[in-house]
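Please find one structure pasted underneath; my questions will follow.
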Amino acid sequence: MNVIIINGPNLNLLGKREPTIYGSETFEQYFERLKLKFSALNLTYFQSNKEGELIDKIHEVGFSIDGIVLNAGGYTHTSIALGDAIAAVKSPVVEVHISNVHAREDFRHHSYLSKNCAGIIVGFGMESYALALSHFAAKHSKL
Amino acid sequence: MNVIIINGPNLNLLGKREPTIYGSETFEQYFERLKLKFSALNLTYFQSNKEGELIDKIHEVGFSIDGIVLNAGGYTHTSIALGDAIAAVKSPVVEVHISNVHAREDFRHHSYLSKNCAGIIVGFGMESYALALSHFAAKHSKL
Amino acid sequence: MNVIIINGPNLNLLGKREPTIYGSETFEQYFERLKLKFSALNLTYFQSNKEGELIDKIHEVGFSIDGIVLNAGGYTHTSIALGDAIAAVKSPVVEVHISNVHAREDFRHHSYLSKNCAGIIVGFGMESYALALSHFAAKHSKL
Amino acid sequence: MNVIIINGPNLNLLGKREPTIYGSETFEQYFERLKLKFSALNLTYFQSNKEGELIDKIHEVGFSIDGIVLNAGGYTHTSIALGDAIAAVKSPVVEVHISNVHAREDFRHHSYLSKNCAGIIVGFGMESYALALSHFAAKHSKL
Amino acid sequence: MNVIIINGPNLNLLGKREPTIYGSETFEQYFERLKLKFSALNLTYFQSNKEGELIDKIHEVGFSIDGIVLNAGGYTHTSIALGDAIAAVKSPVVEVHISNVHAREDFRHHSYLSKNCAGIIVGFGMESYALALSHFAAKHSKL
Amino acid sequence: MNVIIINGPNLNLLGKREPTIYGSETFEQYFERLKLKFSALNLTYFQSNKEGELIDKIHEVGFSIDGIVLNAGGYTHTSIALGDAIAAVKSPVVEVHISNVHAREDFRHHSYLSKNCAGIIVGFGMESYALALSHFAAKHSKL
Amino acid sequence: MNVIIINGPNLNLLGKREPTIYGSETFEQYFERLKLKFSALNLTYFQSNKEGELIDKIHEVGFSIDGIVLNAGGYTHTSIALGDAIAAVKSPVVEVHISNVHAREDFRHHSYLSKNCAGIIVGFGMESYALALSHFAAKHSKL
Amino acid sequence: MNVIIINGPNLNLLGKREPTIYGSETFEQYFERLKLKFSALNLTYFQSNKEGELIDKIHEVGFSIDGIVLNAGGYTHTSIALGDAIAAVKSPVVEVHISNVHAREDFRHHSYLSKNCAGIIVGFGMESYALALSHFAAKHSKL
Amino acid sequence: MNVIIINGPNLNLLGKREPTIYGSETFEQYFERLKLKFSALNLTYFQSNKEGELIDKIHEVGFSIDGIVLNAGGYTHTSIALGDAIAAVKSPVVEVHISNVHAREDFRHHSYLSKNCAGIIVGFGMESYALALSHFAAKHSKL
Amino acid sequence: MNVIIINGPNLNLLGKREPTIYGSETFEQYFERLKLKFSALNLTYFQSNKEGELIDKIHEVGFSIDGIVLNAGGYTHTSIALGDAIAAVKSPVVEVHISNVHAREDFRHHSYLSKNCAGIIVGFGMESYALALSHFAAKHSKL
Amino acid sequence: MNVIIINGPNLNLLGKREPTIYGSETFEQYFERLKLKFSALNLTYFQSNKEGELIDKIHEVGFSIDGIVLNAGGYTHTSIALGDAIAAVKSPVVEVHISNVHAREDFRHHSYLSKNCAGIIVGFGMESYALALSHFAAKHSKL
Amino acid sequence: MNVIIINGPNLNLLGKREPTIYGSETFEQYFERLKLKFSALNLTYFQSNKEGELIDKIHEVGFSIDGIVLNAGGYTHTSIALGDAIAAVKSPVVEVHISNVHAREDFRHHSYLSKNCAGIIVGFGMESYALALSHFAAKHSKL
């Protein structure tokens, strides 16, 4: 079972920004640990700060891959085009957020992606990714 | 590790309503399966259609239990009092929803609970509960 | 044909409050007159000030009874959970209001119940109940 | 007791549009049946697609007739002038709607007429008219 | 100098409705008095309950007459088409209201006509018409 | 193939109002040119300033004619009844606007008609009508 | 009959600002002409840029004077306190505006004063004051 | 003079939650001190987390008791039914809040209760209750 | 303990306006009674209809006085500057209102002052001032 | 005459997604047919999922090309920058949409592009492009 | 070149309030330093807590002075009259704010002054004034 | 001291578009003049029409450079992701706008960037950049 994690804008800074607070682990390092934990899944990773590249990637993988874990960062709340891309492809998309967006500014409470997603996981910190992968792993184990 | 699942209004009808669509498994039967799957957790279950009883239950368990999985149904979107109860207790609360509330009516897009919760899981069907329990099981395995 | 009248919050005060204005007839006394008028129907009556008890009652009767006449009082405008309960059961529900809610405060102009109801009757005073029962009586006479 | 039924825009198409769905009975035919059922009332009927003609008719009959049953169709939600006409005349007006307007688009949830009406009946299909006439018949029988 | 007074919906009822309150003088009778008072003006009068007829009349007179005094009643707040008609013609239009619309319901506080009018006079009772005519009479006396 | 052009309020003033700006061609004259250009279509023309007459005309032709080109002027933004009429008939309706309504006041940005139309053409000046007819001509040539 | 004209903020600049456009007549000079025209009235004049001084003046004269003509300028749209002052005194207040505030920014379309005023006159240029005085002169001539 | 203090949801946690911050005094202990301070009043106390029980209690005491001090907690901002109960009974109700609700989230700035209350006291901490009782004690001392 | 009562716009009319309704006691006379009742406090009084003078006074006393009782009248709902002044000074401010502002127009439901105040007292009539002083007296008695 | 068709996000999926529904013709294939039909125009085609690339392309061609047909997909409703690009260039832009955006979600009813466009064509399916080209072809034939 | 700095409400407290945080330099002292730094400009200073005095001052200097630096404090967000005063005078006005108003409450995000100003400088602390003076100094050096 | 100027969408057209109005100086030419004027600063320049490239650049320089001057054009009002990037980096960002955005369309009045910026400069034309650099130069001269 092939699953891709797609991260959007500013998430490339994880582990590089304020390491005393957020830790010094980059997402790439965390990703290695996820691969170990979910060894039954074939995981790949993609990050871009560009809305259009995120759409391109979803198009590229979205008709063949078994699952997409998407943290679209700030584009979550502004990108109708990204929401349309999710609706257009066949692969199920799980929307994740590291922080509890509902405890932040009002403009982070609405997502243009959610209604087209197979599920939404919010606020568990980095564990949000692991829970999303658990979902795909559970589907896999049923196959 | 003690974890309680609390279900709010109308969720007592699961398995009883439109069995040809939703299946004939009641939540109680599903709960038995959850107990088997998460045998490392000590699970209990509570359901009420009454906002005040849900608050009472959160007060009762919320200073000692290790985790609360809460599906507050329609009260999610209208109950400031329930949100205050979550904020008042010490136990972490994971908000879950069976359906994708963001794909339904506008009035289901806002939750008075979310900002006080340790995490939110939406739209995975009955699996939403299992994912929430996975979160507590993962915490447990780290202890 | 079995039909239940369900009254919500504050409606227990009918006949007790300001009798020089509203008359001194309680709803229970009025209910006796309704039973005489609609003798072809088997009428029962339930009242509660508690949102959850109203939901419980709708669940209890809503899979077998032939009709529900519901005046949910102030919960009409605030209870998504009650609206969900109406949607969940099989029995047809007729929403009634004694006063013309559209001639009162703005917050009384919207109902979370209406879209799930078989019909809505507003503003005829106590006669609103009789008109709702007429609807069920007419269905009965066609059987 | 004289009662008039006034129908607004597009209601002249009843029975002519999509007969396999709505049936092939025109309102005029249904009206004949209403006259038989409410033989104690002296019923007349008027229909126009023109807002101003509806106002004219309400003015014409509204100081002498015993009751008006009004389905103003789309003008319900946009016509302050029609609402003012109802307020200006002496005859009681019962607002009716065939469909459940609260289960349709948002712009159909508000009525400029309701606050000036003696009562509102919504969503019972063609029976909405019969229930409105029941109200006048009941008043008549008390005379 | 030719000036027309155009009255919209429900204003035909002046003097006929609640004479003990509003007086028993019809607008036609009041108009006779206005003609006496403003003898230097050549006054005509038109009333219709139909939005389209009001537009037709404005088109008919609006390229030649010296002034229009318009009380559009309820259409004031809902008719973009009437506002467009005022903008389209050459004759100056003075908008008048008998009652103080700003002391009534919120939906009467906005006018689609005002921005295209030469002036607005509100709330002086029947005297509003006389003040509007004073404006044209003053223009006349300067010629 | 029979197609009708229906024009709403104030459009009768085309060619008569400010000829130095808008030109001195009336819509009737322009219509003659359209008939020459679209000789394969059997064109007719109707104009009214009255909302109800526009509805009447749509009812009259809307079950038999092959196409309707509708410029409802100011009623576009206020008439639910007109939108309902379009939904009720069988003939496809193309909504047209001469000016770019999106570059004008906010209240001209919303149309009650659009969602029921077969297509919308906005802002091409008088050419908007020709483009709408092109649509019907293209359908015709496929027959 | 004693009548005062009260002008609010920035109106002291009339005649001083852009004289080629607005003319070089100050309000004080215009006021002299008004006194000549309305010689039957005993006119006084007050201007202040200070909200509180306008309130003070209304208090000072508002229990004895026969009429107040008030152009509150920008305070019209923001001053609840000024609206309260008008409501508190006994003298009738006529609200005037030189420009057509409804043809200007949205925030000038609402007045906190209007609902407490005896009448409102808008958009006639400097003539707005004369029309307001005509109202008081007409009352005077009836005495 | 009989006065009851009614506390709503989550207020049962006072003294039990975060004692290092809020102190370890429960409301019951504080209530004993209030009884000593207001010995001229006959005080009773009621608390419930259930909206319906609060309504029931107001009905029970509200036709005979001399005063009600009500802190409805989160229901303050969502319960039309509770506001209706206050309007329905005869006893004067003083609304109190411990915290300054206007310095908290926007959804705590509106109260459905206030307009029906004899007075509102907000933000004095526990002293809010004492001030409310002062009001009743002052009324008592005047008897 | 020094405490000042500051009254804003229109409150100088108390006792002078409609004495048959509001009584003929001026605030100055009432203030004398307050001084007798709260003899342990050193009370002073200030009133102005001018927003800026109220700010000046708060600045003048707000770094040394022990308490401020402020009824800002209409400025309550519009003055950010006054709210800032309260935030800037050190003395605690208690906001009071004589009438129940929540039972009046919508624009009186929001206060720019409340969030910076030590407490808010609304709707007890003139007693609102006494309750505010009770608060300071209680603080004093604890010293 | 040179004309370019520019397609925005997700439109590259045409013909590839759900071919049983949308057909298996890609836009590139459809574009070949358009070139045949509009042989008098020199047509080119560009597609990108990236907002910035769409702006770049508009800048590149927008000072020399004779016409731009733009379907900006989801960016239509969110991109002020794209609207600014249209305003900045000299070439006329015709906005097109395949589906009837007014019959879809509310957030698709507003376009940041429309007010800067030479015309808007909505909802004719793939024919929307052909109608836009007809506009440019008509301009061409007049040269 | 003559330039005036005008400060609005509460800005007189600079240097006096919380000196350990804001420093103990008053604006008057800071102003002395500005005069040294911008010795090519002839600087004056004015402060008032009164909206009307700020308008008076702008009127007084605004037809002759070369530049106005205005920090209107809380009046920025509420005073249409102040915005009108800026529009009325000839001298260019630069709006400044010490704090980043966009990072504070929502009601500080809108300014009634900005659209009439020659420029806006926000959030640089006391340096905001220096930057505004730099603007005038740059203009001066070009003369 | 290293400072970068980053320009967003459509700003590459400066000097190329409408040279008779905006002048024929490109930003690159203007930038050369800025380098001469601020010779104490080490200036670089970057422009892109792509939101993601702007974010990339901010990430690239934002942990080492001494200052960023950012004119994000249309993305200012729509890009949460860009606002997040500013918040994520360490270098201070000054937001600039050439035109007075507050005097343009409503959707240009809100910025997603401002609250995370060290300061905002709006409406001084090209001088806005120079003022922003003055800020960094002043910091530099203090070092």
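Think of it as A, B, C, D, E, F, G, H, I, J, K and L in the order they're written, each chain with its own count starting at 1.
Just so it is clear, a contact is a pair of C-beta atoms (placed from the backbone, for glycine too) under 8 Å apart; a residue touches a chain by one contact, two chains touch by 3 or more.
Just so it is clear, the structure is predicted and the values come from calculations on it, not from any experiment.
Student: State the smallest step count from chain E to chain J, taking one step as a move to a touching chain.
Tutor: The fewest steps needed to get from chain E to chain J is 2.
Student: Between chain C and chain K, two copies of one chain sequence, what rotation angle (nearest 5 degrees) aligns their Cα atoms?
Tutor: The rotation relating chain C to chain K comes to 180 degrees.
Student: Which pair in K-L, A-B or C-H has the same interface as D-F, with over half of the contact pairs matching by residue number?
Tutor: C-H
Student: Please work out the Cα centroid separation of chain A and chain D, and write it as a whole number of Å.
Tutor: Taking the average C-alpha coordinate of chain A and of chain D, the gap between them is 55 Å.
Student: Using Cα averages as centroids, what's the distance between chain J and chain L in whole Å?
Tutor: Those two chain centres are 31 Å apart.
Student: From the C-alpha centre of chain C to that of chain L, how far is it in Å?
Tutor: So the centroids are 63 Å from each other.
Student: Mind pulling the residue numbers of chain D that touch at least two other chains?
Tutor: 50-53, 78
Student: Chain pairs that touch, all of them, please.
Tutor: A-B, A-J, A-L, B-C, B-H, C-D, C-H, D-E, D-F, E-F, E-G, F-J, G-I, G-K, H-I, I-K, J-L, K-L
Student: Name, in rising order, each residue of chain E that touches chain F in their complex.
Tutor: Of all residues in chain E, those touching chain F are 50-53, 55-56, 59, 63, 78-85, 88, 112.
Student: For a test of understanding, state which residues of chain J touch chain A in their complex under the given definition.
Tutor: The contact residues of chain J facing chain A are 8-10, 12-13, 16-17, 48-53, 73-75, 77-78, 107-108.
Student: Which residues, counting only chain D, touch chain C once they are in their complex?
Tutor: 100, 102-103, 109-111, 114-124, 127-128, 130-131, 134-135, 138
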